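Heads up, there are several structures right after this.
Next, two complexes with chain A in common: one pairs it with chain B, the other with chain C.
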Partner chain A sequence: MKTLERAKAPRRGLRSRRRRLIPYLFLLPNMAIFGLFTIFPALRGFWISFFDSTDGRHFKYVGTGNYKEIFSDQAVLNVASNTARYVIGYVISSVVISIAIALMLNAQTWGKTIFRSVIFLPVLLSPVVIGLIWANLLDRKRGGINALLAIVGVGKVPWLVDSKYTMWAVIFVGLWTHVGFFTVILLAGLQGIDKNIYEAASLDGAHGWNLVRTITLPLLKPTTLVVVILATIQGFQSFDFIYTLTGGGPVGATTLIVQYIYDSAFQTPIRYGLASAAAVILFFIIFSITILNYLIGRSRDAL
Partner chain B sequence: MKNIVASANKNKWSSMSGGKPPTTWAVLRTLILIWLVLIIVLPVIWIVLASFKDLPELGQKPPTLIPHAWHISNYSQALQTYGFATFLRNSIFVTASATLLTLIINSMAAFAFAKYNFRGREGLFIMTLAMLMIPLQVILIPIYQVITKLHMVNTFWGLIIPAAATPTGVFILRQYMLTIPDEIIESARIDGAGDFRIFLRIIIPLAKPALAVVTIFSIMWRWNDFLWPLIVAQDSKFYTLPVALAILNGELSVPYNLVLAMSVLSLLPVIIMFVFMQRQIAQGIAQTGLK
Partner chain C sequence: MLRNLSKVRKAGVIAAVAASLLGATLMATPSLASTATKHTPVLKPDNANPGAARLAGWKGKTINYLYFTDGPDEKYTRDLVAQFTQQTGINVNLQIIPFANLDSTLAARLAAGNPPDLARVASPQLYVNDALNLDQYFGANYRKEFLPGSYTAVLDKNGGLFGVPSDLTMNGPLINVDLFKKAGVPLPSTTKPWTWTEMLAAAKKVQAATKTDYAFAIDKSGHRLSTVLSQYGTNLIGAGGTNGLDVAKATKALQPLVDMYVADQAPKDLWLGSGAKYAAPLDIFYAQQVPVYLSGNWQVAALAANAKFNWAAAPNPCDVACGGFPGGKFEIAFKKSANPVIAAYFLNWLNKPAEQNYMDQGSFWMPTRVDLANAGIKYPSNAADMNVFIADSARTPDLAYAKDAQGAAFSNAANALRDGLTSVIAGKTTLTAMLTDLKTKIDGWIVK
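And then the complex of A and B:
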């Protein structure tokens, strides 16, 4: 390699300058797209959040007005409370249930692969279609769920009509969609636990649930934290399946932050500045959670 | 049943509790898992069956499970008279071209990160991963302004190009390319091969397993994509299947039986891919923690 370059010494200056450019040329298309369609819009969104616009063309500088409005506007507060309730319900149920499934799958020998695959299936399906499927199933009079419940004597539950139930329905469908994703991550974590530890613990007299509680769950903590964080990020970003499941209704009862941003940008009344401010806040929430994820990952690597 | 009991005995975990076969827990566990599988599978079967019903039957209270008559015409009618042939074609075209573009530009970037030393490499790589922190959801408005300025609204370019640069793809490919020995590249260089030729003739063939994973991911992402095409395709001529289903169903402008038929149609390719490649998919996700 070295000798080859030396042999061509006379042209070396030009060649090596060109050679130094080559990696940048390979990076160019990808980075250009990132710059144009992610980095620039992110900076620009921050900028727009200090302006007000009701048509997308004329912008008026309002300083921190949008942010002040967000923290006092009733509709926004309603969206924030919906989002908080959804994220909390979704994260807690996802974590508890995916740990339970992962523990069961890990202990299972008969049919393990097929169980794992099927539980994973909804992760791959179109969220829009998942929303449509469950809107059909949860329909008050024509849905399969109430028909099933009728067998055990439960009356027609207005799942998607009464705001008492809607948020639960939305959380359930979110869970149905993603629980397999978290289960696969937790299974990988479980398989990483040293088998000898179980042997040692069982020699010390730990069995069954006791073994799970004192050995497995503590050792699974790092993976569980990753799942908590991924679920939180996902929860904050939820939009597509809710769009076809409830459309954010009834009367805004399941409108989450992303739909609010979308509506303020593309449906009348258009409020670009306000939506941008909401987006900036959403960004900082997701940003801090991701940093947390990174720090935890690093401290885990250090162990 | 015998099988379950037998395998439970082999299982160290549960057979520890006191020497005698702990059949109750093993059986209970298997039953719970079967029940879970039903919760996942039954809704999908339900919708497949429903997609063959006609409107009066869909409106029936209480609902039926098996259609009285199998209306295959739901599918043909949606494709022929409600424009779904166009939406399907758009979805296939966008998925295929965006995936191809993703493979090309992601593997080029991955090659640079994996096999070159250059100023700013670490910084640019961290920046690439940082793109994951800026989901589309938080830049909806400014990105719409950008594509408007570039006249990309209502174009296939707009549907394809911006989504093609994926941080996850670069990451997976770079990790894999790191394992390709430098000696192969250097000996090719001694033989007089240029950088692009090395990339095309040596790196790409060797990175095939990673390219396969990225292909599967990309097809899944683009086929199911909703928010991005929802913004770009303001004109129904450019709707992809998910956008068409969400919007036309919301407007009630397409009969519900046809919406269900097209929903099932849009699930089909992903389910087929899942059946044949579920192991790669699950492994890829477990390894990267992304989807």
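And then the complex of A and C:
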């Protein structure tokens, strides 16, 4: 009997090892594709950032030369400043307006589907189409927005031509594009809040804004954190609709970091090394801010 | 404690995976530095007439032709490709991409070791190190079949021919004849060119009388701005490939343009609202909102097909010099492509007299071949407009044709001029300061 058990023991061990291995085998195809098409190019990009080229074909090792150039170039500082202004404006307005819309939609009693669909619709549009639509609407001479403003006596506002207005216009279009997506996430968060808590608070005399301030917003915090992180990442990565809306102009006033990377890599003189270095820096910025957001959110939760 | 240990172990595993991936990447990636010195394939000499036996061997092969289109030329290129396939049995895969993506696509394909067999390009000097030397195929006299001004752009630093000029372009103004007539402003003479002062005065008069949005428009392009510089006696690249920019002359040349953009007499929104990109006010001209539009002969085919009003090519305005500014499109074959020899043969075939004549007639191109230029092209319509451009090409100073003597320096300088003028129009800098800065930059590009 004992001999039989002793013989079975290694087989059981083998079976248990196999069982533990099976999930990894299932993950393997996905990880292989992820490794080949995401991790490998990312590492390759990091490697290229140590080389310079003026034609995209003949490379010269420059060490940290590209990084030094980025940190000492006034044009890059302008790009960094534009990106910071855009991200701050975009994230704050996205979060505030998405919460406001989500609260309104959550309180709706009729026409829920129509309003939710309308709010979500821009998310489905191509960013290039969005850029072209708003370029027409914001056109100084023949745009719809200025035509509407003319009714109330406002003159022709150079939305896309004067750097005083362009960043606001770009933030607005970014907001218009993505607010539906954030609203849906927040709406899901709102619907997850237990209704009994509201009932109990009402019995204690809390109403209207008090309920929102003391119950809704605190309980919505984890979902809000997700929205903040997503909006931050999206803000840093904004490019396509801006490229068709303003081309990064006027005079670089709306050129953000991703366009800088694109221009360095794909406009003459083609400099893949410089573009890769900027992409590495962008990665670390987004990564740091995401971790920071996460840690701040978690420490508040702990309190 | 245990949790911490587990975290440390996890971090170790992640670090090990990352390190091995990095190691694998570095090992799997050939040294980028070494690619500069890598092979230049030795190609067997060939000629324009490879003989029946050799052609039979090429039958059924496919070559890739990367192409951008100005519009109407696509049909005629497809016709020629079909004829070539019919005659030789060689297939040509026409890969059409937008002009704006041409250089980035081509550079990426060359960097990846996947070049097309040949490509139509506008800035051939960007590819001088990758293009096939055609002298070894067609002999040193082959270039003499083409106009000297047209092939200087495809000469390498040793004077070797690395491409074929397929069409010559000439910058010049297009005018809305209907608007001029409506305003009672006389049309310019085609034989005695107007001056810049006369042209701008006429444009403003037409704008005032016809209430168009703008008086004057020009493509947002450093190449087009070079037209104005040349007419005022200065160039980005000067004699002998030196820095040719005279800041005082360039300021005098460009100040009237800047003034018009600032005063909204030229389409400021298009110029400022398109970032650091090329932009053409062709739609504004189509919409009859500008009477004078400085572009070039490549617009003739599109305007002939689409304009709903009477228009005409006008001679370039003069200051100290007359004429326009030359450009062109070139066909180049690539050394490291799959079929360089067949590509060279096709490139030669495309630019034989009958084939180039067919393209020129259909697409309103100006010939690059000496025989066609001497005989003249019989355009199916708008011959008078094409003749204005052809006459201007004769008036253009020789120096303008030497713009490519410093490789890619002209392209870099032209883009910098375009972007610099954007800053001036936006009021971020002065014209003189911008041009002084540009002059220094050109020195750097020439040295490189």
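FYI, the second predicted complex is superposed on the first by the 250 of 303 C-alpha atoms of A that agree within 3 Å, B and C clash if a C-alpha of one lies under 4 Å from a C-alpha of the other, contacts with A are read in each partner's own complex, and residues count from 1 in each chain.
The rule is simple: a contact is a pair of C-beta atoms (placed from the backbone, for glycine too) under 8 Å apart; a residue touches a chain by one contact, two chains touch by 3 or more.
Fair warning: this is a prediction, and the values are worked out from it, not measured in the lab.
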item	value
Touched partner set for A:58, first chain B, second chain C, both or neither	second
Contacts of A:40 with chain B and chain C, given as first, second, both or neither	both
Contacts of A:296 with chain B and chain C, given as first, second, both or neither	neither
First (chain B), second (chain C), both or neither touched by A:247	both
Touching partner for A:279 - first (chain B), second (chain C), both, neither	first
Contacts of A:219 with chain B and chain C, given as first, second, both or neither	neither
First, second, both or neither for A:128, with chain B first and chain C second	first
First (chain B), second (chain C), both or neither touched by A:141	both
Residues of chain A touched, compared between chain B and chain C (which is higher)	B
Which superposed partner A:48 touches (first chain B, second chain C, both, neither)	both
Residues of chain A at both interfaces, chain B in one complex, chain C in the other	39-40, 44, 48, 56, 141, 243, 247, 265-266, 272
Complex interface listing, chain A residues touching chain C	35, 39-40, 43-44, 46-48, 51, 54-61, 135, 139-141, 158, 160-161, 163, 243, 246-252, 254-255, 263, 265-270, 272
Parts of chain C lying in touch with chain A, wherever the complex brings them together	21-22, 25-26, 29, 32-33, 35-36, 103-104, 107-108, 110-111, 123, 126, 129-130, 213, 268-269, 272-277, 408, 411-412, 415, 422-423, 426, 428, 448
Contact footprint of chain A on chain B as seen in their complex	3-4, 7-8, 10-14, 16-18, 22, 25, 29-30, 32-33, 36-37, 39-41, 43-44, 46-47, 50, 58-63, 65, 104-106, 108-109, 111-113, 116, 118, 121, 124, 127-128, 131-135, 137-147, 161-162, 164-165, 170, 186, 189-190, 195, 199, 220, 223-224, 226-227, 231, 241-243, 245-246, 249-250, 259-260, 263, 266-267, 270-271, 273-274, 278, 281-282, 285-286, 289, 291
Partner chain B, residues of chain A touching it in the complex	1, 4, 19-20, 22-24, 26-27, 29-31, 33-34, 36-42, 44-45, 48, 56, 101, 104-105, 107-111, 115-129, 131-134, 136-137, 141-144, 146-147, 150, 176, 180-181, 184-185, 187-188, 198, 202, 207-208, 211, 226, 230, 237, 239-240, 243-244, 247, 258, 261-262, 265-266, 272, 275-276, 279-280, 282-283, 286-287, 290
